[in-house]
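What follows is a pair of complexes built around chain A, which joins chain B in one and chain C in the other.
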Partner chain A sequence: MFEFRTYRPPDRAPDRHAANGLLLSALAALALHTQRLPVWLMLGVCSLIAWRYLLENYSWRHPPRLVRWCLLLAAVVAVFNTYGTLLGREAGISLLALLVGLKILEIRSLRDYFVSVFLLYFLTLGAFLFSQSLLTAGLAMAVAVVTTAALARLSLPNSLPISEGLRLTMAILWRAIPIMLVMYLLFPRIQGSLWGLPGDAFDARAGLSDTVTPGSINALSSSDAVAFRVDFADQMPHARQLYWRSLVLSRTDGNAWSRARDPVTVNADSWLSRGIGKPIDYTVDHEATGHRWLVAMDVPATVPPEAVARPGYILEAKRPVHQRFQYAMQSYPAQSAEPLTSAAHALHLRTPRPTSVRVQTLIDAWRREPDPVLAVLRYLREQDFGYTLTPPLLRGDFLDEFLFVSRRGYCEHYAAAFATLMRHLGLPSRLVVGYQGGDWNHAGGYLVVRQADAHAWVEVWREERGWTRVDPTAAVAPERVELGMNALKALLEQGALPGELAPAAIRALLEGSWLARQWLHLGMFWDAANTAWNRWVMAYGPERQQRFLRSLGFEAPSWAQVAATLIIGVAALLLVLAATLLWTRNKSDPVTAAYRRFCAKLGRSGLVRRADEGPLDFYHHILTARPELAADSKPIIALYVTLRYGNVARADLVDQLRGRVRRFRVAHQ
Partner chain B sequence: MMDAGIKKVDLAGHGAAAALERVVAQVGQVILGKTDTIRLALSCLLARGHLLIEDIPGVGKTTLAHTLAKVLGLNFSRIQFTSDLLPADILGVSVYDTDSQSFRFHPGPIFASVVLADEINRATPKAQSALLEAMEENQVTAEGETHALPRPFFVIATQNPRHQIGTFPLPESQLDRFLMRLDVGFPSQEAERKLLRAIDRRMLLESLKPSMDAHRFTSLQRTVDRVVCSDALLDYVQALLNATREAGWLMHGLSPRAGLSLVRAAKAWALLSARELVLPEDVQAVAVAVFGHRLQAANSDGDEGNEMVERLLRSVPIP
Partner chain C sequence: MDATTDEYVLGRQRLYMLPTRHGLYFGLLLMVMLLAAVNYNNGLAYGFTFTLAAVGLVSMLYTHRNLTGLRLTAKDAEPVFAGQSARFPVYIHNATKTRRPGVWLLSRCSSRCVDIVPHSSRPLSLTVAAPRRGYLPCPAFSVSSAFPFGLLYTWAKPLRPTTRCLVYPAPGPRLPWPQNPDETHRHHRGQSADGDDFVGLRAYQPADPPRHVHWKAAARGTEWLTKRFGDSAGGLVWLDWGATRGSQVEARLGTLCRWALDAERVGMRYGLHLPGHDIAPDSGPRHLHRCLRALALWGGAGV
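So, the complex of A and B:
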C-alpha cells in the first residue's frame, strides 16, 4: 500500500535525466497529433525538442532572447499562413504544439519545467477534439502516464531511482480515478456541437446523398468506413432480408433521381398496423453522418423518439446526426398493401419520354408480356449484362446507352434503369437508397454495415401487394445480395464474373490464407472493443445523463445544477483524499505537531527544513541562514529534542514548547 | 559543535564525555586531521564492535589501531596475515611440557585486548575463519579446551581494497561481523605538511601516555548502553531499514542485525558528542560506516556502498 511521503522540493535544477524525461513526454504528446498536423510543423517542433536535447546533454548554449522572439513570430506567421486563421481546432492545436516546443526550448527555472508539463497535458487533451475513439483514449492515457512520470521525476530528488517516480505516478493516477468517474458522470453534457467548436469540427463525411446519378454510389464502394452497426434481439435474419432503407427517391429527369419535395410527416401508428409476419427487434448504432436520414430494416414499424416518420417508410432525425447515437427499432419482413392516392400515382409514373427508337421498341415488346416486371428481369439476366465496380462513363441518353451499349454497371445503374423502365411500362415505381447486407462480427455478436455496402434498389407498386421490392442487381449479380459486398469485391478482384460461379467454387475462392483469416478475426475483436467503448462510454450523452441525474433525485436537472453537483462531488472527493493524507501525517503527538508548525513558520520565510534534516542540523541551518532567529529557535529545538528523543513525557514541557512555537515570529526579509 | 543548549548529563557521573574527548584529542596528535575517523573508530570500540579499515597502504591504518590501543591503555598485538598463516599461528598451540609431563597451552597473538589483523584478505579462508570465530564467540577453543579472551576484546582488521590478485576477499557473511568499515583517506594539505615536518609517528607513539585503562574503558562501554534511544528514533531507523528493503536499486535489504548495529553505534556516537540521547543526526553520522559494507547495488555498475548510503539518507525523511 502506498503511503504519502514528505518529498522535499528539489533543491537544485532537475538533472539531465529529468529533462530528458520531459522531452520524451513532449514527443509522445506530439505523436498523438501526427495525422492531423502538417509535416513542416511536426518537423519544426521535433527540431525544437532536439535543440533542447543538445542543450541539456551536450551543453549547447541557450538561444538568446532575440532568437526566441523571432522563432515565436515565425511560428505564428506559419500557422496563420497554413490555416488562414489562428483560431479553430486545427490552427489552435498547431499553435499550441509550436508553443510547447518553444516553451521547452526556453526552459530555465524549475517553474518553466512545470509550465511545460501542464502545456503537455493540454496538448494531450487536444487529441479529444478530433476523435474520442477507444484508440485515442488509450493513447492519450499512455501519454498522460508518461507525462505524469516526467512530472514526478521533476518533483522528486534527482537521486531517487526512476522506479520511485513511476510508483508515485501510479499512486497519483490511481487516486485520480474516482475524480475522473465523478467528472465523467456529472460534467454537464450539452446537446449539439461539442464545446461550441467552430465549423471545421465536423468533417464532411462520406455517405449517401439525397440525389442519385449513375456513378454516385459507386464512389462509396471503396470506403471501409462503418455506416452503422446492428444488434439483433434474436437471430440475424437471412442475408436476403438485410435491406436497410434510408431514402426514397421518387422524382427523376431520366438520369438523376431525387426526393419528392413535400416532406410530410406521417403517423407512424399506421406502419405498425400494416406489418406482416414475425417482428424483428434490433438496435442500430448509427455513426455520425452530418445528415438527418437514418436507416431502418425493411419494413420499419416503429419510430425512435429522436426521429420523425416520412412517407415511404423513411426515418428522419430531428437534428443532423453529428454524433454517433443509438436507437431501438422494430421491423416486419413485409407489409400489407396500402392505397395509392391519384397524386402519388401520377408522381411515381412521371418520366421523360424515351428519345431512342430501340428503347421504345423494347418497351412496346414488354408491354405485351403478362408480367412486365419478370420480363425485364429476365432480359437483364439473359442478355450479357455485367456487374462492375468501374462502370464506363455514360453520355447522352442514359437508358439507351446502358441497355444497348455499355451493359456494365453498378447497383444504381440497374436500379435507375429498371425504375425508369417500370414507369415507361405504366407501373408506379421509385428508387430506394440505403445499404444491403453487412458483415457479421463474431467477436461482438453484431452486424457491421459499411459505406461500401451502400445499395440502391427499386420498389414497384402492384395493385394487389402495394409497394414491392425488386432488386435488379440481384438478377445480374446474385452474389451481391447473397454473400455481401465484401465477398463480391473479393470475387471481382480475382477476376471471377458474378452470376457465373457455382457456390463451391466461390467458397474456394473466398477461402483466404490462415494469416488473412487471423487478421480478419483481430479486426473483428478490435471493432467489438470499439463498439463496446461507444456503447458504454461514449453513448453517455445528455439524455443518459438526465436519466442518471433523475435517478439521483433531481426533478428536472438544469446544467447549472449539474455543474454544482459536479463541483460538490469533486470537492468532497478531494476533501476525503486530503483528510486521509492529513490523518496519516498528523496522528503524531502534540510535540511533533508543534515542531511542524515551527518548521512551517520558518518555511514560509524561505528557510525550508529538508525532510532528512534532523533538529540539530536544522538549528545550524538557522544559525547560518538567519542568525537573528537563532536565539528564539534554540529553546524550541532543545525542548523538541528532549521531548521527542529523550523519552521525557512532561506535560509542562510540552506546554512550554507549544507556547514558544506560538510566540515564535519570523520577520520577513 | 553547538548543541542548541541541550542538557548535557554525564551518565556515568564521572566525566565520561570529557574523558572520551581527551582520548580523541590524544589520538589526534598522532593521526593528524582525521578527527571524524578517530571518533568513528572510538564509537565502534565503545559499541563493542569490531572494526574493518579499508584503504591503500601508508595512510595510517596500522598507526590508528596502535594509537587507539595505546591511548585507551589496552594491550595490543598484531598479526600480519599472509597466505601461509595457519589458525594455530593466531590462536596458539599446546606444547608438551616435560617438567609437568602434560600439554600446556601457549596462547597465540589473539590473546590481547586490541588485535590488529593486518591485511586480513591475504590469508586463506581457514585462517580468516579462525579469527572471525574468535571474534564472534569471544573465546578460543583449542584441543578441547576453551580459553576465554580478554575483556575488552577488539579486532581491528585492515584490508587493501586494490591489488585483489592472490587474495581471499571476505565473504558478505563475514563482513557482517564488523560493526563498521572505515576508510582513512588522504590527509588534508595542511595536515600532510605538518606530518612531513614532524618526527616519525612511531616514535611519537612510543612517548604517548595512556589516558585510561581497560577497567575504565569497560565502564564507559556500559555507559553507552544507558544512552536513551526513543521510539521516535527507532521509527527513523526502521524507516531506513524499510527503505533498503523496498529500494529497487539494492541487491537486498538490510538485516535486523544491521539495524541493531546502527543503534549501538549511534548511541556511542551520542555519548562521544556528550549527549544522553540519540538524535537522527547521530544515526546519520554513523550510517555510512555501519551500512556501507553491508549494501550491494542491484546492478554491478551501480554506486559504491558509501554513496548508496548517502543516497538512502537523502531519500528517507525523518519521521
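So, the complex of A and C:
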C-alpha cells in the first residue's frame, strides 16, 4: 500500500527568480576565495555566471554540448598550466570553482540545480582549508545561508520571494544550531589523517628556525603573527621572567648556531624535583608552525603528553604542529644545578676558529677579572653598542666585525657574540632561542606572544649554579626586556636611544593618542574573540575532546559511549523541537478553540457534548435538554459550522463567533 | 440526493516521509564533507558539515509540519455526461497560523501544487475522465510536500474517499420526438407548429419548408430531419424506451437523455417510461436530474 513513488512531488524546473538566487549564491561562494584564486579564473567563472544570467533573463541560447566540453577542457588545461598539477588545495579549489561555473551554465533540469547547490557547499567548505579564522567562519556562514535560501526557492514551484527564502533558512538554521553543537562536540575526533595529505595542505609560516645566523631572528621583527597565547592560572609573572624557550643551540661555526646533532630523549622526571621557588601554572595555546618544537617558560618542570623532553629543558611535540593546539605546563623560576658530563662540557666550549688579535687582547683582559660574565656585560653597556631593528650586514669574522666595527645589532648578534666570547673565556655556554615578553590582553586576560617577540639569549654554565641565563641584549637595551618588543619598537620609531631614557620619559613617549589607545583596545577584543574561537574550533582535537568529555562526567569515554550520547542528544533535541513546532499549531486554531470554550460552558452546567456528537447533533441535544439556551446557541453553532465546514475563512466571522461565545451565559439550574 | 462529504485530518499516523533522490545526494555530499573534515582534521569543516546535517534534520520537522494538521474534505462531484471529465472537489483547510507552501494534491491522473495561507481553505479538484454512465467513484488521492528544501518529502497515506460522481449517459444525436399522445393533444389545442422556439426534430416529409431541414444532420449522411418549431409552453411528452430505435442499450439511453434535455430546454413537461421504472411527467432541474439519474443507473449500472 506504500505507493510512495506515485506520491512524490513531481520535479519541476524552477523559475527565473529562483535561478537568479542560485547565481547570487555562486558569486558569494566565489567571493570567499578572492584572495587565493588567480584573476583570470575569477573573471572566467564570473563570465560563465553572467552568461547564465543572460540565458535565464534575456533568453539567450543554451551553449551546445561541444562548446561546453571545449570550455571544460580549456579550464583543466589552464589550471594545470597555472599550478603544474590538478591535485592539492589551490589547484583543487580552482578546478572546483570552474566546475561550478560550467555546471551553472549547463543547467537544464531540477537535478542540475541541486548538483550546482551541492558544488557550492563544497566550494564553501574549501575555504576552510586555507583559513579557519572567525572571519572566514562568519563569511562562510553567510554564503551558506544565501545558498540554502536559493535551495529553498528552487524546490518550491511557486517561488518564494528572496526575503521569504532567507527568513525560512534563518529560522531553520537557528533551530539547527543546538543539534550542530552536540554533533560537533561529541563526534569522535581522531588523531592524524585518513590518507596522505597533498604537499601544500599546510601553509609555510614565519617562525623560528633551528639555525640562527645574524639577522635570522631579526627577519621576524616586523611580523605581527601570533606565535602563541598563554593563560596563567594565577598572576602573570614579571616581564623579566617571561623567557619562553624553544630551542637550545650548542654548535657553532662562528657565524651560524645550530642544534647538537642527534637529539636524545631525556627523562624529565627529575625536572619537577629540581624546581626552585614558586611554581607557575599556565596553559599555552600554540599556533601551527609546521615544526615540532614547542615553547615553555623558563624553566619547565613538566612535559605535556603530546611532547617529549629534550636536553636543555626543551619540549618537542611528537608530530609536527600543523594545527593549533593547547597544552598545560608548569614552570619554576629556577632549577637547581645538574652535573655537566665531560662530553657536554667539551661540546659547549668548542669554538670553530681562532679570534683576531684585538679580540684576543680583550679576552685576555677579561680573563683576569673576578667575574668575566659581568665584565663582558659591563663592556657592552659602557661602550657605544646600540640596539637596532635594522642591523648592518656583517662580512668576514663575525666577532671581530661586531665588536670593533658595526657595534649595532639585534638580539641574536649580542647573544651569538656573547656566547662565543664565553667559550673563549673557558665558560661552557649555549644559545637559547625562543620568545621574550608578550602583550597582555586585558579583554581576554591572557598573554599574546607574537613572532616579533622572538628572542635569543645565552646560558652560561657556572660551577655552583648550573646553566645560568644571561641576556646580553638587556645590557644594551633594558627596555627590550622590561617593556617588551612592542614598546621598544615604538620608542625606536620615535628616534629614542634604548638604554638612555628615564622611565617617565618612556611612559610619556608610549602614551599615544586617545584614538590609538581605542584602536589597541579594539584589537584586544578581536584577539580575545579569536582566541576563544581557536580554542573551540581549531584546537578542538582528540585531546581537548577527551578533556571536554571528562568535564561532562565520562570517566574513560569509549568510542561507543560517545556515539550513543551523540545520537541520544540529537534525538532528544529533535523531539524538543518537534514538540514546540507542533504545540504552536494546536493552540492556534481560533475557531476550534472558541467552539471548545462554548462546549465547556455548557459542560459545566451539566450539558456535556458526547464525543461522537457533531455540532448539529449537539444543537438538537441543547434544544431538547435546555430549550431556553437554544436561541443563544443557534448562531454560535451556525457560525461554527460555516467556518469549520463551509470552506470560508473570514476574520470578521471568526471575531463574531468568539464574541458570541464570550457573551454566552448559562444559568445554573 | 444524499451528498457525501469525507473528511480527513492529517496526523502523525497518516503521514509518511522519505528522502527524495536529491536528499540522498545531499546525504552523500555530507559524507564526503565529513571525510574531508576528518582527513584535514579541520574544525571549521566539521562545524560546517554538522551545520548542514543539522539543517537537514530540522528541515525534516518542517517537511512534516507542512502537512500535519491540514484537514481535507472530499465531496461528491457534480454530475457529468459520459465522455466528459468529472471534477471531484477536494478542499484543503489550513486552520493553523502556519503558511503551507508547496502542497501537492496528487492522484493517478492529476497533480496540482498550492500554497495555503494561514486560516484559509483551498478549493481544488481531482479531474477524472468519466467514460461510462453510472456512479464513478472518487479516485484515491494523496497530498505530498517536499517543503522546504526538496531533500525530503512527506505524503499522506492514500485517501480513498467514498464520494462519487453520477455520470449521465452521453446524450445521443438529435432524433425526432417520440410519437406519443402529446402530438395530437397539441394539435387538438390548435396551436401552430410554427412558433419561434425550436422544439425538436421529426422525420422529413416532402412538404416541409427547406429552411426547417436539419442540414447538418443531412450532411452527416444520416436520415433527413426537419426542425420543428413551436410555442412549447404547456406541452407534454412521454420519453418512452419503446419509442427509441436500435438494439444497443447505451444508444437508446442516449436518445432518451437527449430527449429529456431538449424537453427541459424548451420548457415542456415530460415523463419517462423505462422498463420497470416510470417517472411521472414534470419539469424543472430537479425533475431533469431525476430522469437522467434513472437513465444513468438503469440496469444497475455503476451502483
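For the reader, a short list of remarks on this structure follows.
By our rule, the second predicted complex is superposed on the first by the 478 of 669 C-alpha atoms of A that agree within 3 Å, B and C clash if a C-alpha of one lies under 4 Å from a C-alpha of the other, contacts with A are read in each partner's own complex, and residues count from 1 in each chain.
Basically, a contact is a pair of C-beta atoms (placed from the backbone, for glycine too) under 8 Å apart; a residue touches a chain by one contact, two chains touch by 3 or more.
Only a predicted model underlies this, so the values are computations on that prediction, with no experimental measurement involved.
When the shared chain is aligned, chain B and chain C each come close enough to touch A:Y645.
Look at A:S163: by the touch rule set out above, it reaches chain B but stays clear of chain C.
Within the superposed three-chain model, A:R68 lies out of touch with both chain B and chain C [touch as defined at top]. In the superposition on chain A, A:P635 makes contact with chain B only, while chain C stays out of contact range. Residue by residue along chain A, chain B and chain C are tallied for touches, and C comes out ahead. By the document's definition of touching, of the two partners only chain C reaches A:R111; chain B does not. In the superposition on chain A, contact of A:D617 is made with chain B only, not with chain C. When the two structures are aligned on the shared chain, A:R378 is found in touch with neither chain B nor chain C.
By the touch criterion defined above, A:R626 lies against neither chain B nor chain C after alignment on the C-alpha atoms of chain A. Common to the chain B-facing and chain C-facing surfaces of chain A are residues 6-8, 157, 160, 645, 647. Within the complex formed with chain A, the residues of chain C that make contact are 5, 16, 18, 20-22, 25-26, 29, 32-33, 35-36, 38-55, 57-62, 64-65, 68-69, 73, 91, 93, 95-98, 101-102, 104, 106, 108, 111, 113, 115, 119-121, 123, 142, 144-151, 153, 155-158.
The residues of chain B lying in touch with chain A in their complex are 2-7, 228, 230-233, 247-249, 276-281, 284, 311, 313-318. Within the complex, the chain A residues that touch chain B are 5-8, 157, 159-161, 163-164, 611-617, 619-620, 623, 633-635, 637-638, 641-642, 644-647. Within the complex formed with chain C, the chain A residues making contact are 1-4, 6-10, 12, 110-111, 114-115, 118, 121-122, 124-125, 128-129, 132, 136-137, 140-141, 144, 148, 151-152, 154-158, 160, 168, 172-173, 175-177, 179-180, 183-184, 187, 189-190, 192-195, 197, 201, 323, 536-541, 570, 574, 577-578, 581-582, 584-586, 588-592, 645, 647-649, 651, 654.
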